[in-house]
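You will see two complexes here that share subunit A, one where it goes with subunit B and one where it goes with subunit C.
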Partner chain A sequence: MHGRVKVRTTEEERERKKKEQALKVRAYRAAMGRIQKKRDAGELDNEMLSLTVQILLRNPDVSTLWNIRRECVLEKLSRLKEEETACETPGEEKPEEENQTVEDKTGEEKAAAEDKSHSIFTCELDLTEQCLMVNPKSYNAWHHRCWTLEQNPRADWQREVQLCNKYLKFDERNFHTWDYRRYVTGKAMVPAAQELDFCTEKIRVNFSNYSSWHHRSLLLPELYPNQQRDRPMSEEKLQKELEMVLTAAFTDPNDSSAWFYQRWLLGSGAQLDRAPRIAAFRLESHGAILALDKPYPDITQLKTELVGGGQTILLESWLPVDKRGTSWKCQQNFDYQRKSTYSLRLSDQKVDLLPLSGSENGAYYFAPPHGTASCSKDLLAELQTQLQSCLDLLEFEPDSKWTLLTSALLMRAIDFSANHETSLAHLAKLEKVDSLREGYYKDLAARWTLEWELAKWPQSADFPKRFDIADDVLLESLPYDQYLVIADEITLPNKLRDKLGESVPKTFADLKLQS
Partner chain B sequence: MDFTTFVKPSNGGGDGGAGDADGGGQKLQFWKHVEYIENHGKQEDDYEYCMTEFLRMSGIYWGTTALDIMGQLERLERKSIIEFVKRCQCPNTGGFAPCEGHDPHLLYTLSAIQILCTYDALEEIDREAVVRFVVGLQQPDGSFFGDKWGEVDTRFSFCAVASLTLLGRMEQTIDVEKAVKFVLSCCNQTDGGFGSKPGAESHAGLIYCCVGFFSLTHRLHLLDVDKLGWWLCERQLPSGGLNGRPEKLPDVCYSWWVLASLTIMGRLHWISSEKLQQFILSCQDTETGGFSDRTGNMPDIFHTLFGIGGLSLLGHSGLKAINPTLCMPQYIIDRLGIKPQRLPRP
Partner chain C sequence: MLDDLPEQFDLVVIGTGFTESCIAAAGSRVGKSVLHLDSNEYYGDVWSSFTMDALCARLDQEVETHSALRNARYTWHTTEKESETDAQSWNRDSVLAKSRRFSLDLCPRILYAAGELVQLLIKSNICRYAEFRAVDHVCMRHNGEIVSVPCSRSDVFNTKTLTIVEKRLLMKFLTACNDYGEDKCNEDSLEFRGRTFLEYLQAQRVTEKISSCVMQAIAMCGPSTSFEEGMQRTQRFLGSLGRYGNTPFLFPMYGCGELPQCFCRLCAVYGGIYCLKRAVDDIALDFNSNEFLLSSAGKTLRAKNVVSAPGYPPVSKGIELKPHISRGLFISSSPLGNEELNKGGGGVNLLRLLDDEGGREAFLMQLSHYTGACPDGLYIFHLTTPALSQDPASDLAVFTSQLFDQSDPQIIFSSYFTIAAQTSKSPAAEHIYYTDPPTYELDYDAAIANARDIFGKLFPEADFLPRAPDPEEIVVDGEDPSALNEHSLPEDLRAQLHDMQQATQEMDIQE
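Up next is the complex of A and B:
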């Protein structure tokens, strides 16, 4: 039960309402009793249909009554079919010259039967429409509508699209209507470009409409695919979308819908079911260690091969290094040849290994977590214009939450390394102005800090053997810790080390001791 | 037990921990809620009660679970509830109807199994028939119908794996890989959330079902926790309450769905627990007991469970711990030897 305000009523009113409700209860019970009796007797007739209407119009959530109606519909349809086949069988006794008229007759009867079945479907569609007026969020009424249309080979899908337009005018956030829209536009084969126009129009009327933005996010990657797969859509379209969404967001900076969409635009467009990629790898003659950029608990499903020294070695029997399934060790002996070059293959990914510097035998690979996506000149210019607009707005409204966050995201999209300190300052400010989510901003700051530290790690002395984070770096947690497994020694800020306790990440040196 | 013969302990007391003021502002009206749930359904001719018979089984699950969390389960008659549940099992399909005279459905099958688990009475029913019912509803694409009439929804994927998990029959029954694939296909790129079917807008209630589904199938690594967690923590509004989608009003039931999802994902600290507790407590009906969706609205049994459950997850004193995945007392989940997956805090 949602949105029913508790109101004070007089004793008199309460009594009157009680009586009224008692009558309704009696009527409901009587109808339900009659329906059950008829169902038990297999009487799936017109009376049954009208009995269920009485209740469904008041309460479309009684799913059993919809089931009964479906039984009635199926019963009626199968009767029609029986009548039809009964008409199709004659002919044998009739003289040949009359055959023509018989065919005509069956044609007519067929049309009549089609009309009859059409009226059966119309009756159901009308009822669901009435019920949806009472409760536009009734799962049952929506499903019954879909079911009815699926039964009808001559369903008018175009009409259903029009119906959605109408319903979305009443409530443009009703997710049932949007779901139904996606279903019927598919059936009516409405082109995606036309749907996008519909969406643009909806947003133009009211940009505070997360449902429209969502619908849009499904259409764009399909209409404007990104070839490199590092952005949600083509750069050209992305630029236009960024312009559009910022205009919307600035109209009311406190409305979250457009800001969410913008953060998606600025993201990588990565799919959830994307295969894990090699984050870090280190090899020596009696074993190897592998870190993945995202967890994958069953590494045996990924084929891992070491190619080099004139041979291909299958790396097997991986043991987990952490509980998340992001880092693994393999205690296999190799005939490591210092003069050979090696590469590692993980499913369809292949990376070249670099030899360790100094006298130590072994090779490694490392790819920091923050990858830079492709960025054309035009797109970069757009991002810079947007950043400037955000910074201008912050002059007037320094506490504007969404502007603070978005400008930090834009800075990182432009040059995350150069803007590292400033973007962290924005997060620190967000912890204050949006204190409900303080914990989120702290964790995000930790992520951004590690992304920065890991990006500059390859330039540091003793890479990859040593990893240092200065003691004055503020860190609440240690994300991306699997990237550190290739180091022999890790220096972390004391405060963080105390906090991590037992869960300080394992190093290559630790793991060597265990082997 | 009839409420008229029940004497309320004065000044709270007992192990109920009534009236603990750890929410700041309002206190938990412990005994009022016990009374509200206990009385719910005693007036068989009550209009609301009658009009909600189509979900009776879930209603009983909401009531028994809330009472158990408050340590007051014995106030309801175990025997008559189990008898009712048994009468609702369909002899043909093995599924459970919400009440007699209605048709079986996955939604009420899960509720029935949850009630029986609470009463440690699974052996009272034909369990194999339930397994057959659930297995029979899985489709070639891995999704689940709610019943034979073909509605597909991620809620039903959750109901299926939750029912089988509670029955201890996840092995060698449904095609888990396909089921996982279907739920994944309902994930939205924009926010990492889930809707009821592929392409459907993200919605906190369905996100709970999908996160719960991955928790039960031990596939939480498939989630984009940072993206989804952010969207979820953005559901918290200045009142402390959580909404189910952007730019919507806060609601006690959405508060549970978001809170439970964040807890499963190890991101409870991304919202303010203190403010949420204040909001939930503000939705109590201090006269009749029970919780409503929002402050000042009419209470109902559904929001009462999610109010109590939310407070339990937030660690309110005097309440038993609740399992965020199955929305049942943790001690029952332990008794069954079930371990739904949970991610650690980063």
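Up next is the complex of A and C:
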């Protein structure tokens, strides 16, 4: 009997795999050796290209080989150019009347040369495509693809968009593809609205997709800008987005992507790279102090001017008050006139100063960190519906972490001072049910408390000279301390003061601008 | 032809239905010599799929005492005026002209994506002979309308029919069911042991809408289903989610008749011999050799074991049959349900129907041309319910009125028939193993259990359908299996190695 079925045992299979592996290693080493040798000899030819292909198809992450390929491509292109110019030179010597035909001819030649270079690029694109099938998250292959397209003046960007569609069908969460998609849709001038539709479709398929939510967050502010710039997008659209994301969050509360997107929606839409704004300012005859809402490494780069009393004074020689670069002092003498009104200019921002009450000379400015964002009737209604849904859910699941946090955020978005106590109660509960993140909640509680205290500070009697926080307020840290530099006296809960020790914020009086 | 056959077999299987094919394949796979016979000219018996012509012929066939298919009748519903209205409209002639584009199942089934059959197909490597389509929608009737039941997480997210709090409750309920059993001491579920699933569901404070989703489509329960049973069914549903498509179900492309053939194919690969249109005239037991003597077409065959489907003479002589399943099979030129359920021409939709008291149920499968079971533009409705009487149409009347009275699809062809089962085993055949006729079930669990049971009795030592190797794992006898030469490398690697070896003669390569 011949050809009977006999299956390899696992041992035989293992042995076979081992031998195959050894053969592959030998082939790999031999190819690498050969490539190195050719490169040393400067042979950037077709053989080199085909040698690198064999290795890259198995392992697309050898950067060296991609570099060598790029050298080969550039070499081939420059050779094409040489040939082209070699053809053109005799053409110039032809007599005038023949020019017409010559132009045609060179035109054809030019097209032929272009075709040749185009085919070089196509070859590279095909290779990266195959490599990405092997490893869809190969940084090198994606980068080589971008490089090739940049080199090619006839790059077909539409095709690249189609390719992204295809890849994202295989794996809708590959952030490499999403990154690449942003790059090629920009080049292909794909309308943002169309991109948003694509994004929505992907979220419908699977909403556990940080990349897709992120892509949305970049498209929406562009498509639906917010006029007041205090929300990420127009209120009408925001309302719809909130509705969609809460649906996702309720469907699977353990999936954090939706909750993160929701936090972004409920935020102010501030960009990370925006310029710092004036948080607080106080001026007297011997100098001034300025607090920024976010750190800035060197305030002297921003033009700071004092306008008033019929003159404009440039404020210079700023010294940092804290290490973060949020508060700065300037020891310059002014001729302060009580009867004049002053305003402060920082880059393109201009704020009016208020005179200090009482007999003292000086003026100040203060903007609490939590500004009230615009809120139309419809948006407010949506927020309230959402809050109600969260509260309903809390009845069923009183310990649901994300619901507790979200309802607190929603309450603050609706009316942060009225809901201050309730939102803090939610945080206190979260410290218990999600004890792994206890510190985070304490931190958040401290921020919310300070935002509240600072918001009501201007209504207090000795504003801005005195700042008081009652002793029974629970505070683990003191965020926003730069806002307090305009005060002369700060009263903090004893526990917090002990905790802060050396880092109790400096007051205006402490800074002794006179000396 | 039969004269060329060997005369001695370890196993003779009579009938090529699903269960018999399973046993034949399992026997052949473990090295038994198998002869597989069927008096029909097609594979699958009542498990087969038919073309339009063949189905009509099958339904017209005279009923004998042992026939499993009975009480059959069919009607064409094409009126004269339809053909005038537009050229596209279907009638008897245009449907029959496309007869070969149909695969009409007598016993249609839907597979759980992680169910017994799918596991068996994967385990045995028979899956490479079959193709499937993921079921597109699992539906239920809600306020008289057919609506899609959100199955997966993305369905729940996308559905407009639930409020967000309902979505949360549904997801929470499903997660709880999924985790049930992992934590044995869960107090929440302990108190429901011995009570009904409906009571448990009501205690979860879910809304009426969610309750009907779960009862009708997910747990597929009735009001009296026990808590444990309901939990188990829910888990079965949930465990099959997220494997292939959006729903937990699969339907075999070109109809369920493909499945017995896949098993037959494996049987043949391992040397099983097939004879269709071959009846067995008589079987006797030779007490000396303890072998069966089968006379077929004037020839005597010896078999150590015989397995037979119930409807095959002479084995089933003296067996009384009674109605077991009532079936309705309809062909329509319009689908059931709204546009959303039949996007792009529709796919496979599954709908479980309940009568008003909730005591009786039926399954409806709607197939579009994407299953390869009918031409483009037509839809097949398979309706299946446990039989009550000899009249399948009256058994199904309560369900057909639910389906057709309101939505009024364009039905072109309708047929009703009964699948019968024997009431008791024949005393004359105690050494012959009978397979069970198709039982009323959605998947093939009972049929597989039946095949496994019979196989276990036949060959107690043998493994039931172990994995069949892929071609590249098979070595030809006489070859050293551990030897590896360059020929086993991929082609381009081999070429590369060849080039390299030439090149390395000039170079020093370190080991």
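Here is the rule we use: the second predicted complex is superposed on the first by the 414 of 515 C-alpha atoms of A that agree within 3 Å, B and C clash if a C-alpha of one lies under 4 Å from a C-alpha of the other, contacts with A are read in each partner's own complex, and residues count from 1 in each chain.
Keep in mind that, in the parts below, a residue touches a chain if its C-beta (ideal position, glycine included) is under 8 Å from a C-beta of that chain, and two chains touch if they have at least 3 such contacts.
It should be emphasised that the depicted structure is a prediction, and the values quoted were computed from it without experimental measurement.
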Going by the contact rule stated at the top, is it subunit B or subunit C that touches a larger number of residues on subunit A? B
Using the touch definition from the top, say if A:Lys37 reaches subunit B (first), subunit C (second), both or neither. second
Is A:Lys495 contacted by the first partner subunit B, the second partner subunit C, both or neither? neither
Examine A:Ser389 and indicate which partner it touches, taking first as subunit B and second as subunit C; both and neither are also allowed. second
Touching partner for A:Lys401 - first (subunit B), second (subunit C), both, neither: neither
Tell me which partner A:Ala27 touches in the superposition: subunit B (first), subunit C (second), both or neither. second
Partner chain(s) touched by A:Phe250 [first = subunit B, second = subunit C, both, neither]: second
Examine A:Lys19 and indicate which partner it touches, taking first as subunit B and second as subunit C; both and neither are also allowed. second
After superposition on the shared chain, which partner residues are touched by A:Leu218: those of subunit B (first), subunit C (second), both, or neither? first
Between subunit B and subunit C, which residues of subunit A are contacted by each of them? 1-6, 24, 29
Contact residues on subunit B for subunit A in the complex? 45, 47-48, 50-51, 54-55, 97, 101-103, 105, 147, 149-151, 153, 184, 187-192, 195-197, 199-203, 218, 221-224, 226-227, 229-231, 233-234, 236, 238, 240, 245-249, 251, 267, 269-272, 275, 285, 292-294, 296-298, 300, 302-303, 344-346
Partner subunit B, residues of subunit A touching it in the complex: 1-6, 21-22, 24-25, 28-29, 32, 36, 59, 61-64, 66-67, 70, 139, 143, 147, 173, 175, 178-179, 182, 208, 210-211, 213-215, 217-218, 221, 232, 255-257, 260-261, 264, 267, 269, 271-273, 294-297, 323-325, 435-440, 443-444, 446-447, 477-479
Touching residues of subunit C toward subunit A in the complex: what are they? 153-154, 156-158, 163-165, 167-169, 171-172, 205, 270, 469, 473-478, 481-482, 484, 486, 488-489, 492-493, 496-497, 500-501, 503-504, 507, 509
Note: in the complex, subunit A contacts subunit C through residues 1-9, 12-13, 15-16, 19-20, 23-24, 26-27, 29-31, 33-34, 37, 54, 204-207, 246-248, 250-253, 389, 392-393, 396-397
